[in-house]
Structure formats: structure tokens, C-alpha cells
Amino acid sequence: MSLSALLPILALLSSLLAAVVIFALPESSHRLRTLVNLLAALLKLGVVAVMTWGVFRGVDFSVSFTMLPGVSFMLRADALAMLFAGLSAVLWLFTTIYAVGYLEDSPNRSRFFGFFSLCVASTMGVALAGNLFTFFLFYEMLTLSTYPLVVHRGTDKSLQAGRNYIIYTLGGGVALLLGIAWLHGLAGDLPFQETGHFQGADPALHGQLTLIFVLLIAGLGVKAGLFPLHGWLPQAMVAPAPVSALLHAVAVVKAGAFGIVRVVYDIYGIDFAYALGLLEPLAWLAAFTIIYGSVRALWQTDLKRRLAFSTISQVSYIILGVTLFGPLGAVGGLVHLLHQGIMKITLFFCAGNYAETLGVHRVDELDGAGARMPATSVAFTLAALGMIGVPPLAGFVTKWALGAGALAAEMEWAILVLLVSSLLNAAYFLPIVYRLWFCPIAAPWPAERRWGRLETHAWLFWPPLVTTLMLVLVGLLAATFVSPLSWAQLIAVRMYLP
Amino acid sequence: MNGLPPVALIAASVLLPLLYPLLAARPGWRGALRAALPLLPLPALVLAMLSATPWTLELPWLMLGSTWMLDELRRSFLLLTALLWSTAGLYAVGYLGSEHLRRFCVFWGLTLAGNLGLVLAGDMVSFYTFFSVMTFAAYGLVVHDGSDRARFAGRVYLVMALLGEMALLAGFLLAAQAVDTLLLADLAAGIGASDDGHLITALLIAGFGVKAGLPLLHFWLPLAHPVAPTPASAVLSGAMIKAGLLGWLLALPIGEAGWGPWGQFLIVMGFVGSLGAALFGMLQRDPKTVLAWSSISQMGLIVVPVGAALAAPGHAPVLLPAIALFALHHGLAKGCLFLAVGLVLPASRILRVLLWLLVALPALSLLGLPFTSGALAKGVMKKALLATPDLPLAEHMPLLLQAATLATLVLVVRYGWMLWLKLEPGGAAACRWWGWILATLCSAVLFWWLPVVR
Amino acid sequence: MNQWLMAGLLFTPLAWAALSLLLDFRQGRWLSWLGMLIQALVSLGLWVAVASNGGFYYALAGWEAPLGIALRVDGLAVTFVLLTAAVATACGLHAGVYLDPSKSWQRYFWPLFWFLWAGLNGVWLGADLFNLYVSLELISLSAVGLVALGGEAAALRAALRYLFAVLLGSLVYLLGVALLYGQFGTLSLTGIAAVVGADEPAAAMALLLMLAGLALKTALFPLHGWLPPAHGVAKSPVSALLSGLVVKASFYIAARLWLELGDRLGSHTLAQGIGALGAGAVIWGSWLAFRQPHLKQVVAYSSVAQIGYLFLLFPLTFAVAEPVSRLAQQGITLQVVSHALAKSAMFLAAGNLILSVRSKRVDALGGVSHYLPFSLFSFGLAGVSLMSLPPTGGFAAKWLLLQASLASGQWWWVVVLLLGGVLAAAYVFRIYRATFLEDRASDDFYHPPRSLEAIPMLLALLALGLGLVAEPVLSVLALPFEVAAEVAADVAVQP
């Protein structure tokens, strides 16, 4: 087997095998498990880095075999795949480190890390899937492997959240399956390709294709938290912080958004989708979700719940970018896939740190936390400002690209949406930042713990700082060729100018 | 690249204050943190004094591709910013208590970095970035003392600043789409040619107007400037307020034909601000609040030539230096006046007289008394204005300028009176005295030696 | 070579059965483990032989049909033979550890087990209706016996009920066979298929009768009443055998009948009607599974639902284009195989869970997730296949059935297929949920031996992997069948 076929499999297997090994390890061998986790994460990072470099130089990594009559299992690394794979590989490493620290001394770690690795393997599969069928395969695997993580705590509330999560996502899966099967019946196996498959399709099929598009978007929209399919997301925040980070930043919502990107660009083809009139309703839906999520976030008193509604809003930026007909909008949407991940994971890491170190879960308990935990609070502040879109942080680059895309597509109203959303973001993030830095400590922390010299456990301390550095650098160095922005431009160029 | 100064110096001008907050990482470095306050703007000062303009520095890897530059217009703003921040920094060393010192210093450094950076910025994204950094970091200065009044002022400030930022972002986005480049230098021509030109102009006027205290966008200003710690008030009213002005000068389609109505609008708004602010300022009891209204009034006066430059494109080359000069004069003088509010009366009678004399110096300068910076600045500006042909309100211009001077007088008198009532005997740290004295010297003496004035 | 393999498949199980009758449970266990090894190897050997050379007819001891025992060895049959070997071996190994040797009646387990195996192989390979009947009876009776081994009063009651059901089913089936023999004078399925015409009410009646009898034996809704008590109350390895293999035998015969004769003797109404019953089974069975308080009842009702899918074969192959029909057949085959693997894995894992918490109730499972994660994981993986989520065999089956439904324009089965998956998720996740609850006061768990945990995991992994290798598995089904045409011609000339 050639190297080009081996690498995608290796990227997938690195975490899949880690999962198997972890499940097999006894509960008590913590060190070994941590070692396996970290080695797998580093290995995957290395493989993804090599593949990214290869894709940049134009190497084609792909492997496929026939799974069912007429259907093949296909892994393929194109530029878009590497965008998502890179995100999950990088953030997985930090989330793993964070999770090891977060779950220290808690029960069921074997189960947790096993499913954690499975979850990342599924995400990698979603990223590298070469056709719609393979995508669906990993998409559903992702649903299943995250369920045990959501209900990890085993409380009534988390089980309730898990139940809703499953109802929503499996329901979405049904719609997606129907759409994919139907599409397969019409057009056969559909590998992702840069200009889509339906350019110049028979006009008689347009009705069916529209219906299928709705089904696919409904199925993917559940995970992407598209209104009105977002109900599971705020509830799922009862999961432990690393899980929320994974759910919101790396895996689940991103898989949904990524799927929408794939369907619009690589299955239908942007020109055809535009010609069919599918983009504009989707753009409106995304715009509404952006505003809706932000408005709902305003009233949340639970920190993680507020972040969850913020996710609903922010992920729709990606979808909005996709629907802005033109390469600039695409760049905005795609780059936000990464930027939102980095920013949101930072926010969830910080929220987790407050909860673990101070026992603080609610926004109004955060008064004065900046003095007690300055590093974490700096990270939180920068990530929040990034979300608002303050330059030069990551969120600004997105906003600028999206705005430029909206203008290029002559959809000026989208700028208004962006601005209103920024204001709303400010309205729910800045009060938190204010409390962190400018309010005196009102009451003793609900449950304070201390770990030596650092403000919190070392494994919890560093990940948010590193991701904060990343969210500053991706904004500052946006014009360099290593930045997510450049990569998104590469994708857009390949997509629009094949 | 005619005489590009050392890149290290340019980098240090912005990076020194930007990275300075890292000193706050360790509680043990408080002393250094405090002592460094007046030193932060020094590289920028050197840059402004010594470098031969114009120069341009391309930084294609930074953000969306940055350009930093310095020309004569920017040089006067850079001088103002560096001088005022430096003296105010010295003042702050003697002014600040130990409470929340680290927090204050962090925000001070960031605000300063933003303020210096935006002057050097040659492209929209850099400008907007530094502008935002300044805006957000200044919030920390406004609410520093944590009182209810400060928090209220901070909230109003932040809401209005955010609205302004959004207007700017929209304006810049539209403009970037119209001109297909990020350079500020190409902006005027681009807006002039764009279909959305009027919308862009409106957005930019409003966006920068918040910062510059344009009437109806000024509400935050009399609230926020007085509640900040005195050195912060000085830089807010002296230097940061000018960022809005600089934004206008760089981004509006000045020098393009066909923007008469907007020029007319700005002239009217300028006079409204200049005169109206006096009415409100007259009623204030807190000398800092009086000064804040005075800033609105003075900014109104500066808006008039901006409007004139917009209305009379051919005359812009004459008007721009006048505006810059006036901004420099006002910034330095206003800074001194603010710093004076934080003083105490010395025990010795002679020293008291000296103090009042020194306080009066920048006040008189504002009024445009002969041999002050104000006389020069006002004279140049008036001459440029009156020489501009076909201005709207041209026939009333002398009268209105007289009225504006009267308004200034009213406010200065009110300020003096309130300060008289407020200052009490006591002791203050030496740095505070030195900061104030240096600021006054800059305004009254050094002003004449500055490169842009000579 | 093939002679030996065939003999090994059909007769050695009978020999093992006879031998083990003479031994007690422990001795029988050693004997059977040896037997299972041989049997599995023989099955594999036959599969390889067919995979390399294609299928063939085989007349036992040289007697040709219609008098002798004719065997039809094609790709489908050997696949099922291999499946039987896998599932039965797993259940046999599990039973050897799981069953309590101290109960004297357990020594009958091994003979019954071997009779069952022999019967199953007979069904897969049988080529004429009477032999199929005999094999089916062998299966039914040994299955009833196995249920009765549960030993409790409830087990005996369930066994008796089961017995009545299968006897009734057999009688109805036999009536149909007799009718056909009366009319055509042959029992060879191929022979009948070769001569039967389109408009023959008597033959249609016979087909209807046979299908009805087989439906009762397969526990098609609404004739499923006997299944949940029997499968629920039996010992776990027995339940696994029953749910995994036994019900498939009668379905297999029904499917063979339909595919050979249905195009002429069946009707649109009949096909749709059977499909509707299958749909009813999917929905009603799943709903009941969701409501059951006992773990094994959940699994048993899930069997009722999953069997429902199988009957979609009838509408999806009737009067449709050849490729569509092939899709449906492939889908149903995968469904049979994956359900056999997944359901037996599920029953075995459920048995482990029950052993561990010492209660059959679902709500007693709290906390078991971190005590017995391995068994729970097996249960979960099997559940994934039942929910027909990718990449399991269940998903591959559903995908093919979806394609067949869409391609044949019978979109209403799409609804059933998707709804069935959702309902399966509902009852499977109900179990997960119960195991994740952390409110259990006591920490009193029994840990079953490792081997008991490993077996369901292996089966579940097979069910999972089936989806990935569905294409090669299905390609065996399409192997050429060498003598079909000749034999058909042969039979046709006989009166």
C-alpha cells in the first residue's frame, strides 16, 4: 500500500487504536492511559501535518474500497478536509491534556477516554470522508461516541441532556440518511468533488434535488445547531468541560457545519445550488440563527449555557459564509470553522477552570475572578473579544472576510447581521469580562481548590493559554501562508476556479 | 524609502507599550511597572522628532497585510500623543495608589499602544485594529476607580464606542470593497468614485464622530473623561479624542469634488458643538467635567475646517496643516489643564502664585492669547478658513469664530473658578508635580521647537 | 472432498447429539467443544469450496430427487451454514460456562443443541419441501426442549406455548406441502418452480398455507405472541440461539418459496399484505420493546421488530425490476446475517449483565456501566447494529432496502425503515441510560468470567464489521450455480 493511501488510514487509526487500547487498560493504570492518549494525539498531529503539506503541494491522498454494491468507502484528503482535520488534530491534543487534568481523581476515566478517542476518530473520519456515504458513516459514529461523554456524570440532568441529544441527532441522522439514500438512487455514488455533481442536471430533477437538499440540511443542521434544530446544544453543556469543548469547538457542531459546506460545494456545487435558489433561504436561516443565538445568550446566567448559545450563533457564521455566493464569502465561512473552534475551546477551557478551581458555574459568581486567576481570565477575555470580532484577534479576520464576501455577493443585509451580532456578542460577553476584572470579590468562592504555585492545576492551566496564543496569532499573522486564512483562500480558489 | 528610520525603533514605538503589560504577570514587578509609565512613549517620541518624513514600512505578513507610515500630518499627531502620554505617565507615577495598580498599568499600556499605532497605521485594517485596541483598553481606565459614577460612565462609553466601532467596520468594509485595496491613502479617491460613497462617508463620520465628540454622539464624553483617574483624563481628552479627528482626516474623501453637503453638515455641526458645549459646560461644578465640555467645544471648532476641507477640495492642502497644528495645540493645553485638577496647593504663598500662573498659561493659550501656542494655531486656522472661497456660512464665519472664542472664554473662566474652589492645601508626590510642570512646559515652550511648528 | 464436507455438515451433528446423550453435562461439554471445532472447520471448508468452485446440487447417497434427499449448495446456503457455525459455536462456548452443571437436567442441553444445529444445516441446504419440513420439525422440537431447560415453571409454560405454536405452524405448512405434491407430484422446489403456471388457484392456496405456517413459526406480527415469553425466559445462550438462528430457518424457507414461486402464485395484495404485517411488527414490536420492564424481554421484543424487516422482502421482490429485486434480496440477506450476529451478541451480553446485577429488571442496571463496561460495550455495539447505524451490517442492510424501496417507488417502506431505526434507538438507549445512572446505593456486583464477556464482544464486532465487508459477503451470494439449469430440465421431463 502506497504512502498516500496509508496516511489517511493512519490518521484515522491513530485515535481508533488508542480507543481500543484505552478500553482494554484497567481503570487504575492512569499513567499508561495518559501516555497512550498523548502519543496518539501527537502521532495524529504529525500525520495530519505531513498530509497538509502534501495537499498543499498537490499530492492526492486517497484510499477506497467497495463496501456495498454501488457504494464505496472512501477516504480522501483535499484542502477542505485538511482544514477540518488540522483543526481537530491540533485541538484534540490540547483537549486531551486538559481532560487528563480535569478528570484527575474522578471515576470512569477508562470509559471516558475510550469514547473520547472514538469521538476524535469519528471526527477525523468526517473530515477525511471522500464521499457522502462515508461522511454519513462517521457522522453517525460521532453521534454514538459522544453520547457516553455527554452523560458521563450520570446525574439525572446529564441523562436528560443525553436523551435529548440522542433524540435530536438521531432524528437528524434519519433525515440525512433519507436524503443520502435518495440522492444515491438518483445519481449513484457521490464522491466529493470541487465543482459538485449537478452542474447542468436535468431540470425535471430540480424539484427532487431541492427536497433532498432540504433533507440533507435538516440532518446536518441538527449538529450545526441551526435554528430550530438547536435545542440539544444548550442542554448538552452539563457534560464535563473538556467534552463541551470538544462538542462545541472540535467535533459535533463542526461536523454539522462541515457537512453543510461539503453538501453545498462538493455535492451540489455552489453554482448549481445558487441557480436552484437554495442558498438564499439558507442564508436567511443562518442569519436568523446568528441573531437568535446571541439574543438567547443574553439571558443565560449559567456560564456554560451562555457559551452554548453563543456557539449556536457563531456556527451559523460558517453557514452564512458558505451561502454568500462567491469566493470571499467562502473564505469567511471556512476560516471561521477554525477560528470559532480555537476561540470557543478557549472559552470552555476557561469556564472549566473556573468551575474546577473556584467552583464557579454562574456568571454572577465570577466577580473578581480576574485577581484570583489572572492567566485564565486573560485567556477568557481575549477569546471573548475575539468572538466579538475585535481586531486583531481571530474573530475579526472572519468578520472582515465575511463582510467582504457579503458585499461581493451583493448581500449587504448580511453586514447588518454581522454588526448586530457583534453588538449582541459584546452585550453578553463584556459583562462577564467586566465582572472578572472590575468587580470586587463579593463572596467566598463556592468550592476553592489550590494546586501549588500556579493558579490552577498545571494541566488545566496551559491549554487555554496556548489556544489563546493561537487565536491571537491566527489574527496577527493572517496574511502569512501558514495561517488558516491563507488555507481557506487556497480552498476557495480550488473550489471556484477548478 | 527615503530615510526609513531603523525598523527596530518603529517596532519599539508600538511594541514597548504593547508588551509592557507582561510586566504585570508577576506581583513582584510592581515597582518596575510603575516606574516604566513615563518611558513607554519615548521611542515614539524619538521617532516623531528625528525621522525624516515621509516614510513607509510594508509589513505584508502582519494581519491582512499592513503598511505603517509617517507623514507630516501623522507626525504632529504622533508628537502630541507621545508628549502628552509621557508627561501624563510621569504624573501617574506620583498619582496612583497601590490599589489595582497592575490593572491600571495594563490598560494604560494597551491604550497607549493603540493610540500610537493608529497614528502610524497606513492601512484600514491596522488603523481599525489599533483604534479598537485603544477604545477597549480605555474602558479599563474610565472605570478604574470602581465608583457607581465611573461604572455608569463606563457603560455609556462602551455602548457608544461599540456602536461607533460597528459603524467604522461597516464603513471600512464598504470602502475596501469600493477601492479594492486596504491603503488609507487610496481611500479618498475610492470613496469619491464609489456608488456607496455617501453611505461610507456617513458611516465614517459617525464612527469617528463618537470618538471625537461630535454633537449628538458626545454623550459619553462629559461622563467618561472626568471620572477617569486624572492622568487618564488628560490623555483621553488630549490625545485619544484626536484619534477620531485623525480618522476623519485620513479616511474622508477630502480633496475630492462633490462632497459639499457633507462639508456643510460638518461645519454646522462644528459650530453647534463649539457653542452648545459652552452652554452645558457653564453649568458644571466639577472642573474636569467643565474641561470635558470644553473639549467638545474645541473639537467642534476643529470640525469646522474639516468640513471646509471637504466642501472646498482645492483648499485642503492649506487647511490640513492648520487642523493638525490646532489639534497639537489643543491636546497639549488640555492635557495640562486636566493634570492641574489633581494638584494640591503648596504651603508657600509664592509657590501658590506660581502654580496659578502656570495653570493659567495653557488656559490663556486656549483663548489664543499672543505668544501662546493657541495664538499661532488659531491664527493659522482662521486665516486658512477665511481664505477658503465659497464656503457655506462664509458671510457669518468671522462672527461665529468670535462666538466660539467667547464660548472658550466662558468655559475657561468657569474652569478656573471651579478649580479655585476645589484645590486644597496638602502634599503630593514629586512625580506628580514634575509631570504637570513638564506638560505645561511642552505646551508653552517646547511647542515652538517641535518639528511640525518650525 | 465435497462428499465428506456434506456428510460432515449433516450427519456429524446427529452423531454428536447421540454421543452426548450418553454423557453428563461436563463430559458433554468437552465432547461438544471438540465437535464445534470440527463443525466450524467443515463449514468453513464448504464455504471455501463453494467460493472457489461455485455452487452445486448434491444428491445424498446417490439417490436423485424426488425420492432421495437432494441438497442445494449455493452461495446463500453456505453463507448461512457458516453463520450458523459462528453463532452456534459462540452460544455453545458461552453455554458451557454459563449453564449450571449441578442441575441434572442440563445434561440434555448438548444433545438438543446438536439436533438443532443439524436441523439448521438441513434447512439451509434442503432442496425439496419435505426434507425442509423434517429439518424444520427437528429444529422446532429441539428448540422447545431448550426453552424448557430453563427449569422454572415459567419456562415450562413458555415452552408449552411455543410447542403449540410451532406444531400448529408445521401442520399448516405440511398441508400446503401435501397440496403441492398432490398437484405436481414432486417435492423439489426447483422442479415445482419449473412446471407451475400463473393461474393455478390450488397451488396459490398451497403457497398461502405454507407461508402462513412459516409466518407463525417466524413469529410474524400478529402471530408473535409465543416468541417473547419463550426467548425471554430461556437461558441466555438458548435465547441467543433461538433469536439468532431458529426464527431465521422458517423465514428462509418462506423466502425460498416466495422467490421461486411468488412471481406466478403470489399477488400484489399478498405481497403488500405481508409487507404491511412486517411493518406492523417493526413498529409494534419496537414499541413493546421500549415498554418492557425486564432486560431480556426488551431484547426479545426487539427480535419481533427486527424480524418484521425480513418480511419486506415480499413486496420488494414482487413485480419489480431484476436489479431492484436483487438489491432487496441482498438487503434481506444482510439483515438476516447481521441480526443473527447482533441479536445473539445482545442476548449473551444481557445474560452477563443480569448475572452481574442479579436482577432481570432494566432499572436495576444503574452503575453497571463502570463495573461491567466490556459487556455493556458489547451490548451497545450490537445495539448499534439493531439501530442500523453505520458502519454495521444492520446499516448495510437498511441501506440496500432503502435503495430498493426508493427504486421500486414503494416509498412507504422507507418510512417504516427509518421509523424502525429510530424506535430501535429508543429502546436501546433506554438500556444505556439505565446503566449510566449513578444513584445505585449498593456496590454489589458479581463479575462473570472473562470468557463470558469476550464471546458477545466477538459476535458484536462481527456484526459491526459485516457492514464494512458487505460487498465481499454479498459477492459470495452471486456465485454461479453450475447445474441449476440441467436439473430443472431434468425434472421437467419427468411426469
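Each chain gets a letter, A, B and C, in the order it is written, and its residues are counted from 1.
Here is the rule we use: a residue touches a chain if its C-beta (ideal position, glycine included) is under 8 Å from a C-beta of that chain, and two chains touch if they have at least 3 such contacts.
Bear in mind the structure is a predicted one, so any value in this text is a computation, not a measurement.
Relative to the centroid of all protein Cα atoms, the closest per-chain Cα centroid is that of A.
The greatest centre-to-centre gap from subunit B, using C-alpha centroids, is found for C.
Sorting all chain pairs by how many C-beta pairs they have in contact places A-C at the top.
If you average the Cα atoms of subunit A and of subunit B, the two centres end up 43 Å apart. Taking each chain's centre as the average of its CA atoms, subunit B and subunit C sit 85 Å apart. For subunit B, no residue reaches two or more other chains under the stated contact definition. Looking at the complex, you find that subunit C touches subunit A at residues 327, 330, 369-370, 373-374, 377, 384, 387, 389-391, 395-396, 399-400, 402-403, 406-407, 414, 418, 421-422, 425, 429, 432-433, 436-439, 467-471, 474. Against subunit B, the residues of subunit A that register as touching in their complex are 370, 374, 385, 389-392, 396-397, 399-400, 403-404, 407-408, 415, 419, 422-423, 426, 430, 434, 437-438, 440, 475-480, 485.
Chain contact summary for the complex, subunit B toward subunit A: residues 24-25, 60-66, 103, 125, 128-129, 132-133, 136, 140, 143, 146, 151, 158, 162-163, 166, 169-170, 173-174, 176-177. The touching residues of subunit A, counted against subunit C in their complex, run 23, 27, 65-71, 73, 107-108, 110-111, 136-138, 140-141, 143-144, 147-148, 151, 153-156, 159, 162-163, 166, 170-171, 173-174, 177-178, 181-182, 184-185.
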